[in-house]
Amino acid sequence: MKTILVIAAHPDDEVLGCGGTIARLTSEGSNVYTLILGEGVTSRDRKRDLAKRENEIAELKKQAENANRILGVKKVYTFDFPDNRFDSVPLLDIIKTIEETKDGLKPDIVFTHHIVDLNIDHQITFKAVMTACRPTKDESVKEIYSFEIPSSTEWNGPSSLTYFMPDYFVDVNKSLDIKINALKEYKTELRDFPHPRSLKAVELNAKYWGVKMGLKAAEAFKAIRIRT
Amino acid sequence: MKTILVIAAHPDDEVLGCGGTIARLTSEGSNVYTLILGEGVTSRDRKRDLAKRENEIAELKKQAENANRILGVKKVYTFDFPDNRFDSVPLLDIIKTIEETKDGLKPDIVFTHHIVDLNIDHQITFKAVMTACRPTKDESVKEIYSFEIPSSTEWNGPSSLTYFMPDYFVDVNKSLDIKINALKEYKTELRDFPHPRSLKAVELNAKYWGVKMGLKAAEAFKAIRIRT
Amino acid sequence: MKTILVIAAHPDDEVLGCGGTIARLTSEGSNVYTLILGEGVTSRDRKRDLAKRENEIAELKKQAENANRILGVKKVYTFDFPDNRFDSVPLLDIIKTIEETKDGLKPDIVFTHHIVDLNIDHQITFKAVMTACRPTKDESVKEIYSFEIPSSTEWNGPSSLTYFMPDYFVDVNKSLDIKINALKEYKTELRDFPHPRSLKAVELNAKYWGVKMGLKAAEAFKAIRIRT
Amino acid sequence: MKTILVIAAHPDDEVLGCGGTIARLTSEGSNVYTLILGEGVTSRDRKRDLAKRENEIAELKKQAENANRILGVKKVYTFDFPDNRFDSVPLLDIIKTIEETKDGLKPDIVFTHHIVDLNIDHQITFKAVMTACRPTKDESVKEIYSFEIPSSTEWNGPSSLTYFMPDYFVDVNKSLDIKINALKEYKTELRDFPHPRSLKAVELNAKYWGVKMGLKAAEAFKAIRIRT
Amino acid sequence: MKTILVIAAHPDDEVLGCGGTIARLTSEGSNVYTLILGEGVTSRDRKRDLAKRENEIAELKKQAENANRILGVKKVYTFDFPDNRFDSVPLLDIIKTIEETKDGLKPDIVFTHHIVDLNIDHQITFKAVMTACRPTKDESVKEIYSFEIPSSTEWNGPSSLTYFMPDYFVDVNKSLDIKINALKEYKTELRDFPHPRSLKAVELNAKYWGVKMGLKAAEAFKAIRIRT
Amino acid sequence: MKTILVIAAHPDDEVLGCGGTIARLTSEGSNVYTLILGEGVTSRDRKRDLAKRENEIAELKKQAENANRILGVKKVYTFDFPDNRFDSVPLLDIIKTIEETKDGLKPDIVFTHHIVDLNIDHQITFKAVMTACRPTKDESVKEIYSFEIPSSTEWNGPSSLTYFMPDYFVDVNKSLDIKINALKEYKTELRDFPHPRSLKAVELNAKYWGVKMGLKAAEAFKAIRIRT
């Protein structure tokens, strides 16, 4: 049985990015944990105003708990880095935050963001993960995969610098329903079709990757590093 | 009114790659022509055997005529380069074939294959187009776009060397049905879902690109060169 | 008639990057607006000293007004982000600034910086534009193009990570003179030949891209996204 | 237990590329098969002269048998495509040759060459594998990995077009000796240090990748596609 | 004093690519040799017809002799690979041709084509050079540089796969006139401005690269490999 | 005789990156200077605490002095940018710091970090160098090379965005011992094998690059820009 840690910038990224894979892994007996770095919501204001957004942040935490319970996640670790303002914090602070949780869990596998998403918090999360999981002799993490986040990964312009080019595909035909159910918990984050973060678009996306791999539904990842 | 030339390696590539765009352009009054370089079919044999495949090749030509008529194409030019064996012909022969048709039509816009599809004929077609349409002073072609071919473009391995990273999107919401109808003519080339060359997968693909662009359905292209 | 918004980091970037294209578009009847994010000048000091540079900043604003009037620009929007220190501001602040102006104008087309210029403000401007113009259903912006800035775009080292590889070329043969005249207004920013920001080098650059495209003079852009 | 097929252009490539991994996999109970496309040797002459090189080719086949036996390979399939002249054969012929062997074995995993080695036969082998193993519904191959061949992979010039950038690392600390022993069978192919195809350099290479991954010795691969 | 070998696909490529550099090097005392692989001219016909083009080929050889004499080249080696049809010859034949001349001269430095020019003969020449000059212990060649050929290098579409991104710049301010004079010998190959292969465009190109490097005129190269 | 400036983020980077090359250059008579931007050590704490780390920082400075003396460096310039927190400082401050030292020395050649190392300080150092050494007419720096830092350059994930692809190789067979001796001074920074920053791994690395270039030992660099 493997231990898996999902490291996301914002509540809902863990479901959007790899909800089907999480549901499949937990149903097969793996222990999955979720780490969410950012508080969410506060980027809607010109100045970060925690008091004003207190209720919404609390609500979002509850949604995260519910969504992850549906996926079978053992525990959700949340932190309060400022939403869409990770670039106002030294990278090192984020690295150390990840290291502390990770060193306690000793995961075998990490799922996290894509190296150059449009969203600055996603980019910074990836960078912090890469430093926190350096492949030294005693590092527990043997595999790192990047996921895509609809409405961020695909909107960064079509250059080889930024493009998501997956090479690792997980059959989620049996767990896609659970992903959709988990996503429904994030009521405040969903949008109407054809927005990429609508339920219908998320389902479409899984079928799209399925078609490319001879499957009915798949989640797509970029293998960053596998040691075996 | 613009004149458009679609340059495809095999019968059905023109519909798969840009059928919705063709249907939209012809309905808006443009003159669209299709040039198909390869004979199709003969790659199924260990040795190319034209006699054995004579009927199938004729049947395929008829399918091409029907499909293109549905899309509103003015004329289909067909040639008989050996199917999936374009690499056994000097590139220069293909260049000169394209030049002859092109010089007669003086198109403003060319749609053709992606630079590094899995299929060797697609690759060679792209290269030949680039030479045939060099941007000299008197060249009529002002825009070149690459399209994707499901079951070839996505199956070449996920490197920046080969990946299709589109930057030009055409809204085909109103013409997607016509594309699907045209595709139905290519009975012998279609496969069952979830194969990328099934009707359902082709429709899914258009919706996928639509979602990425805030549209209900789109075809995706890589802009190779636009002069304005 | 299209509405166009040029989003530049510093006064003079709008002329260097797309002055010939602006002049051509306004002469053809389009409405062009310029948004300049940075105050200019203050990076010459070890510590930003607004008082000391007050006159120069005011002078630069006047130059911008004059240059843009020559090009036929309807209005110049200026902001005071710290010159060459955009990295000391959260990206989100710049995004929101762009969104406010953009939402008022509802432009069809945006011209802005290249994704990885040497200049950090240029990089950040590009990133902010990409987020401010996400291709959702109701977004007015249908086309985004990156321009080059002589003495920044070409000085970032020759890797595929940073290189400017244009695919969209605008014939500026008839408007190059107007660009040069507009540029002359930016007296304090011009340098002597062979500096890339000399009048002679700017003209040479337009001829260089022209030669590549069978034209007498051209401006070169990277098409980031076109929806049609 | 997995079935593995190693597809190499020339005798010795299978050992150089993944000998340590093969030895580890067979010791763990997997069934490994080797397919060698080229005859070897004949490229030493200006014109291919099979009669002249008959003995050497036979000797090389024997070396291949011995080397693969040491690694625990179940069977070696050899073909006689012309050495360093795969570009004189239509790609389709090589694809069909691979398909025939592969369809009999139904392997789960394929190891093969890097997409753009200096050696033209390596390049063509990769392309043929990608077509022969298209990820359709019924395709047995679920994983494809590219290996490096010392004295070919690293000598193709340092561009992102050609560079070997591995992301999949196999610990071969316990099987490196077996690889070296297998390699010794290929007497005629080995060179003196510091040539990359010397025994000492091959060992050094495994330690180099080991160091990068916190291991004593490793073989490095590029994951082309993993379906799970 | 260094020995330099320029390896070009067609007569005139050596002047277009590095004529200014050759003239500077010979004036500084280096020994420069030119190797031209292709016969030229015959690609103008649908079928290669040596008899028909005999006079033109002879004329072109004479032009090559004159042009290289002006540059100070010691000797021009010419071969008769079929013009624009190098892909109909096994790569190995071209490799061996280069090796024979090179092994006689033992050059320190090689200048040759860019890895992915539009012209197929240029591409193949580059590949052959890379194999012929493998960096083994006894290889004389310590430096390899790629040059650009106006009307080929820039017309292959703007992807990181094909783009010429130079990192090595030679000041040719004092030798640009000699390059232009040498180029005038190739009367049959020159075109009118704004064609890239016009005298005026060639001069413009040198100034363009000069501007980028703080020089009055420069030739631009991609350093492929330098051992020191 | 050339003047060389090595610009490093942290004490020991100058030895790890190009210690063998420095030792060779000084032994051949060149004047080499080292500029170290960061204070080191303080990133070990959650909050930077200069008082707590005062002794270690002083010790590190002494190690730097000793190591550089062994290499024959004329002078070490040290600054106190916060360790692993360069992203909390405006890039412009680092640029100006480099410019001041550089303008005093007028070096011909600069060695510095790789554009996208894992370490954020390395990335920022590269960017600052590129701006500080813009290739204007009067700039003394004619050559810029990037070096690799074991345990940072190779741990950033295998994409063309980040990968170190060297093209410039320096034979350090005679100076490798001196590099190792210099490195021994940095007692507090060394790790046990197989860590990349162990003495044995550093030696292995030099032999690895040697093998690729037909040499017994080499240091590898990426040529960023060479003007000659």
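Here the chain labels run A, B, C, D, E and F in written order, and each chain numbers its own residues starting at 1.
Throughout what follows, a contact is a pair of C-beta atoms (placed from the backbone, for glycine too) under 8 Å apart; a residue touches a chain by one contact, two chains touch by 3 or more.
The model shown is predicted, which means the values in this text are computed figures rather than measured ones.
Enquirer: Go through the assembly and pull out the chains touching chain B as well as chain F.
Expert: A, C, D, E
Enquirer: Which chain lies the greatest distance away from chain D when centres are computed from Cα atoms alone?
Expert: Centre of mass proxy via C-alpha means gives C as farthest from chain D.
Enquirer: Report same or different for the chain B and chain E interface, where same means the shared residue numbers exceed half of all residue numbers found there.
Expert: Since fewer than half of the residue numbers are used by both chains, the interface counts as different.
Enquirer: Hey, what angle do you get rotating chain C onto chain E on C-alpha, to the nearest 5 degrees?
Expert: 180
Enquirer: Looking at C-E, B-C or B-E, which pair matches D-E on over half of its contact pairs by residue number?
Expert: Looking at which residue pairs coincide with D-E, the repeat is B-E.
Enquirer: Centroid of chain D to centroid of chain F, CA atoms only: how many Å?
Expert: Once rounded, the distance between the two centres reads 37 Å.
Enquirer: Using the touch definition from the top, which residues of chain F touch two or more other chains?
Expert: 135-137, 155, 157-161, 167, 194-195, 212, 214-215, 224-225
Enquirer: Note which residues of chain F are touching chain E in the complex, please.
Expert: For chain F paired with chain E, touching residues are 135-139, 160, 167-171, 212-215, 218, 223-228.
Enquirer: Under the stated contact criterion, what part of chain D meets chain B in this complex?
Expert: My answer: residues 90-93, 96, 115-116, 127, 130-131, 134-137, 144, 160-161, 224-225.
Enquirer: Under the definition above, what is the set of chain A residues touching chain B in their complex?
Expert: So the residues of chain A in touch with chain B come to 150, 154-155, 157-160, 163, 165-167, 193-196, 201, 204-205, 207-208, 210-212, 214-216, 222.
Enquirer: Note which residues of chain E are touching chain B in the complex, please.
Expert: These residues of chain E touch chain B: 43, 46, 84-85, 87-88, 118-120, 151, 155-162, 194-195.
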